[in-house]
Amino acid sequence: MDQFKKLAPLIVAFVMGVFFGLQYYIPHPFTDDLLTGMSKWFIVIGGIAMGLGIVSLFYSHIYKIKRRAPAWGFSFVMFIALFTMLGVGIYCANAEVITETGKQTIYGWLYQSFMVPLQSTMFSILAFYVASAAFRAFRAKTKEATLLLIAAIIVMFARVPMGEAIYAQIPTFQVGGMTIPPTIGNITGWIMKTINMAAQGGISLGICLGVIAMSLKIIFGIEKSYMGSTK
Amino acid sequence: MSGFLKKMSDLDKRVIFVLISLAVIIPLLYPLFIEINVNPEVKAVYDTIENLPNGSTVFLAMDFDPSSKPELYPMAEAVLRHCFRKNHKVIGMTFWVTGVGLGEKALTDIAKEYNKEYGTDYLYLGWKAGGYALVIQMGEEGIAAAFPVDHYGRETASMPILQKITHLKNIDYLVELAAGASIGTWYYYGKMKYKFKMGGGCTGVMAASWYNLLKIDWINGFMGGLRGAAEYEKLIDKKSKATRGMDAQSVSHMLIIAMIILGNIAYFANRAKGNK
Amino acid sequence: MRNYPAMILLVILLFLFIPISLPAQESVSPTPIAIAETPSEFQAYDTPNDCLSNISISWKAMSPESESIQYVVSIDKSADGKFEQEADKFPSVYNWKSDKEWPFWVSGTKEGYHYVELNILQQFPPLTQAELNKKKAELQKVRSEIEKAKLDNKDYSEANTKKLVLMDDLKILENKISKEKAEIKAKTYYFKVTAVDKNNQVLFTSPVLSAQTQNNGFNQSLLINFLAMIFLCATVLWFISHAKKNKNLFLRRINGLDAVEEAVGRATEMGRSIFYMTGITDMSDIACICATVILGKISEKVAQYDSQIKVPHRDPIVMTVCQEIIKEAYIKAGRPDAYKSDSSFYVTGDQFAYTAAVNGMMMREKPAASFLMGSYAAEALLLAECGATTGAIQIAGSDSTDQLPFFITTCDYTLIGEEFYAASAYLSREPVLVGTLKAQDFGKLFVLAALVIGAVFSLAHMPWIIDIIKDFS
Amino acid sequence: MDSTILGGWIAAGLTLFMFSSLYKDNPFYRFGEHLYLGLSVGYIILKVIYANIIGGLYKPLFEDHQYMLLIPTILGLSLYTRFFPKIAWISRITFAFIVGYGSGLTIPRIIAGGIFQQIEKIITPLGKTGATWWEVFSGIVIIIGVASVLIYFFFSVEHKGIINKISRVGIYFVMIAFGASFGYTVMARMSLLIGRSYDLIEFATPKYYYATIVLLVLMVLILILYESMRKKEEGSEANA
């Protein structure tokens, strides 16, 4: 029995891996229906697995309330918010808007008034963090860091009207149909279309090989730590 | 001076946050109106509306919602100001249920500015489920058939604006402000069949892909992101939200560049002092 | 590195001159007619790379060709039939073989050849098709009745039974129709191509062609992709067996991974926790699997140093897998009792609510080290910058190329793309895993060679060579 | 106080709560964080019930008799064997099912979509008819960049001699590219903050009864009070 316990998942992973690896090359309609069928299956598995998440969340917060851990009051806030959203949602039958009239339901109002501002505010904090990260990280300590810093400054400078206006002051002259110095838009355009594409290309080619190697390790059961206990 | 440099190199990040918020809020309240040069694709939209004979009809599809309001709402206001100044009639509509309030606010605010009359000078159809089916219906059976009642529930068939402009083929120009992929719906089910001219505006992140739409002439011009809106505001020389937004972009970018340079000067100064 | 170049050249030559035999057909000599050069090389064969009921017909274009001269392709069930059924009619300037998205080893020479595809089932539709469509319409009507009844909550049980009966009828009909289709597909059909001028005067008739549809088991256009997969599998397996024999393979330093030991040690000294994030994707994504595998290696060190690891999650299944992995790591390190089951816990599925919660935890607990592994979206900078400001040593590893610039600027060490995938082999140093790194290197060498050779051919304006690495899916 | 005014006050309050985390962790941020956590989990549970369970499982299984859906149901339920150590190994079959599917599906698509398309995208512009010398030069620069980045990532080769020089070139390409894409996205991040600032300014107008200003002042006062109270507490603890 022990042998079966260890081998069963490996066999399942191997069979699934080989089958869905070869499915790509077989034009038979059956294999395509299987793909759409499989995505439906994962909707079901994902839905059922949600219970595990809820158990873990409730366990950690109820434990905090029972233990009167510091600031346990906030776990209460979390539960109240959770059950209000859930209750109102079920009351409005998961409809944010009444389809005929286009009128907003309470659930829709709750979503628009609470979730949208919270999400867009968290998103906009990125602007602050971009500035503090730039200030702290762009130090010309090494040759590479200097290149990073110069490229960032050029692109930032070129993207805004003030940058364009300042750059336009530099006199340009024609050399054989080419204006020297080229407009700042062309410079950043060239950096993004050539240097950036080359680096992204090189990195993603490497990633592809890494992904293939990792997938093969999983299918052939060489990498099986995702299954945890081998006892 | 060296005290200042010392403090500069490991500046408390909260000072940076305060500076960034000032760099954004001040230009929004007191704009600097920094010159912006206009790109040809934005000028094309402006010229189309400018060259339409006075009193023609522009259909404004505002397919966006609060998440992309900063970039697309100023475009709606700028296009509406331009249309009302040219006494064009405007019909507004949206595919995004979450953005129906924004469209209504833009239309009523700007209409009040040019004291236009609802029903004769402008009309807001609002939102209705149906997607491309609505476009087909507006083309085949007519706008009043697709939207028997407008956003406010008033009956549309009797409205003066829809007497002459009954079907999609009668409109002179369609402006599609898109946060998603609804331009495809307006092209395949609208422009391809009823041959009206089409232009529009999109978020900054989509701007690159909309250049191909220009090449395969789905659209004759478009505004890309906040910058596109600011360029249009310059064209109708009514600098408002987008231009202030671009000022804030300029100031905040220059602030970050300045801080990086100062940080490096401080770094090198301390290092020089360090190994002296 | 000595025997690599020879092997690569051999493999590339193999690819260039693969003796792929085109499907065998007989070609017939043309009958002379007034036109300067009559159409020739008529071929009719089953359309490759599909399991539909399609027959392809191709022939060399005649000259002159113009809008006014039309080709008519007619079909018949027997060789000496009257060929009245017109399958396709088009002006002779259209329908070229070069429009077809096929590599050269499937299409043969493309320039100057006409190409037409006929669907046998459309030419001779099965009889029960009409009945099937009627039944489907009926079922749709009953379904909408049930929906309406549900809305104004009237009783719809009677309509429901009607629906189930209809569904059973549909099943029977579907079996019947698929049998009929198989019969139709199994027969051989006969084709004739005639060139007619404006007033339907026949200028030229082709000899009778015949062909039969087959289900192609393999999509030939993807041949190179298939060979590449087999080649990479063989490389990986060969290097793994090779690695078992000689253990000490050289691996260059990746400073991000050397810092793991230091980070975990620091956490123990300061008595503070370690945060580990597995990214935005779920268990079916390789980046997430790789993140959980690295978690296994790192939690072994955490167990040895008796430190404390926290893994907040967005996906319940990834959370369960990580609980299993951490428990196993503690057992392997010989400290099963120190394992705390709540070290891997669920936070929320929403991207920014997760970020707000994790940032809050980091600000309050001020972790000594934080690991950001896997794929990330916009929240990468939020998590990394907040971790940086709480003073933690940050090691990131990701394959999201558009978030790597933010990891580079905010984290102490960043594993870029492939380094992230190599991390598990590096940390465990098991010969088998190190073997796969050698395979990846070999793969890179191969990609490099393909790139350079492709560039040379492309510069020399020989585009047909690019078919080899084109994606025809 | 119709719903838009109330909506304005809520939006302004929540925005200021979340921005307060920039100052430091404080009760307002903690409140906003837990509120957002609860709302988002409630929202997800709702979607799971209506889309996954009812839409994806109950309707097709019981109304349309798609009995094949019993298999994923069993696989999903098997995850709950985690709570019974003796039979916990069954859940690993579901892990293997998902992980195997992901690995198998990826390989051919990564070869086609990743490797082949990437190489094709790099080499086709070189052969474009009528390509100007500048385009060919840029094409060659791209090939040099990609080649040197690939060589930088070699694991089993010591970085010395010619290999070291090439990988240095590779790293320079990577650094310029990362610096450029960092600078490129600053504008997009800034426009998010500009959007929030517009809303905050709008909520500070008389129409919304100066919501932003009132809430900001209140928050600052409460924080000052909270800080001094905590200091007094620490002070008394220290000498107690």
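Just so it is clear, A, B, C and D label the chains in written order, and each chain counts residues from 1 on its own.
Simple rule for what comes next: a contact is a pair of C-beta atoms (placed from the backbone, for glycine too) under 8 Å apart; a residue touches a chain by one contact, two chains touch by 3 or more.
No experiment lies behind these values; they were computed from the predicted model shown.
Asker: By number of C-beta pairs in contact, which chain pair leads?
Answerer: A-D
Asker: Indicate, using Cα centroids, the chain positioned nearest the centre of all protein chains shown.
Answerer: Closest chain centre to the overall C-alpha centroid: A.
Asker: Hey, how far is the Cα centre of chain C from the one of chain D, in Å?
Answerer: 24
Asker: Please tell me the distance, in whole Å, between the geometric centres of chain B and chain D computed from their C-alpha atoms.
Answerer: Each chain's C-alpha centroid was found; their separation is 26 Å.
Asker: Centroid of chain A to centroid of chain C, CA atoms only: how many Å?
Answerer: Using C-alpha averages as centres, the distance is 20 Å.
Asker: Send over the residues of chain C in touch with two or more other chains.
Answerer: 222, 225-226, 229, 232, 282-284, 286, 289, 316-317, 320-321, 324, 347-350, 352-353, 356, 389, 404, 406, 408-409, 416-418, 422, 437, 440, 444, 447, 473
Asker: Of all residues in chain A, which are in touch with two or more distinct other chains?
Answerer: 21, 24-25, 42, 45-46, 49-52, 54, 57, 112, 116, 118, 120, 122-123, 125-128, 130, 132, 134, 136, 138, 148-149, 152-153, 156, 159-160, 200, 203-207, 209, 211-212, 214-216, 218, 226-229
Asker: So which bits of chain B are touching at least two other chains?
Answerer: Within chain B, residues 13, 17, 20-21, 24, 249, 252-253, 256 contact more than one other chain.
Asker: Looking at the complex, which residues from chain B come into contact with chain A?
Answerer: The contact residues of chain B facing chain A are 11, 13, 16-17, 19-21, 24, 34-37, 66-67, 97-98, 100, 126-129, 151, 227, 230, 246, 249-257, 259-261, 263-264, 267-268.
Asker: Under the stated contact criterion, what part of chain C meets chain D in this complex?
Answerer: 1, 160, 164, 167, 222, 224-226, 228-229, 232, 249-252, 282-286, 289, 316-317, 320-321, 323-324, 347-350, 352-353, 356-357, 359-360, 363-364, 402, 404-406, 408-409, 416-419, 422, 437-438, 440-441, 444, 447-448, 450-452, 454-455, 457-463, 466, 469-471, 473
Asker: What residues of chain A sit close enough to touch chain D in their complex?
Answerer: Going through chain A, the ones touching chain D are 5, 8-10, 12-21, 23-25, 37-38, 40-52, 54, 57, 71, 74-75, 77-86, 89-90, 94, 109-118, 120-128, 130, 134, 143-145, 147-156, 159-160, 188, 190-209, 211-212, 214-216, 218-219, 226-229.
Asker: Can you check the complex and tell me which residues of chain D touch chain B?
Answerer: Its residues touching chain B are 22-23, 186-188, 190-195, 197-198, 201.
Asker: Any idea which chain D residues touch chain A in the complex?
Answerer: Contact set of chain D toward chain A: 3, 6-7, 10-11, 14-15, 18-19, 21-22, 27, 30-53, 56-57, 60, 68-69, 71-73, 75-77, 79-80, 82, 89, 92-111, 114-115, 118-119, 121-122, 138, 141-150, 152-153, 170-187, 189-190, 192-193, 195-196, 199.
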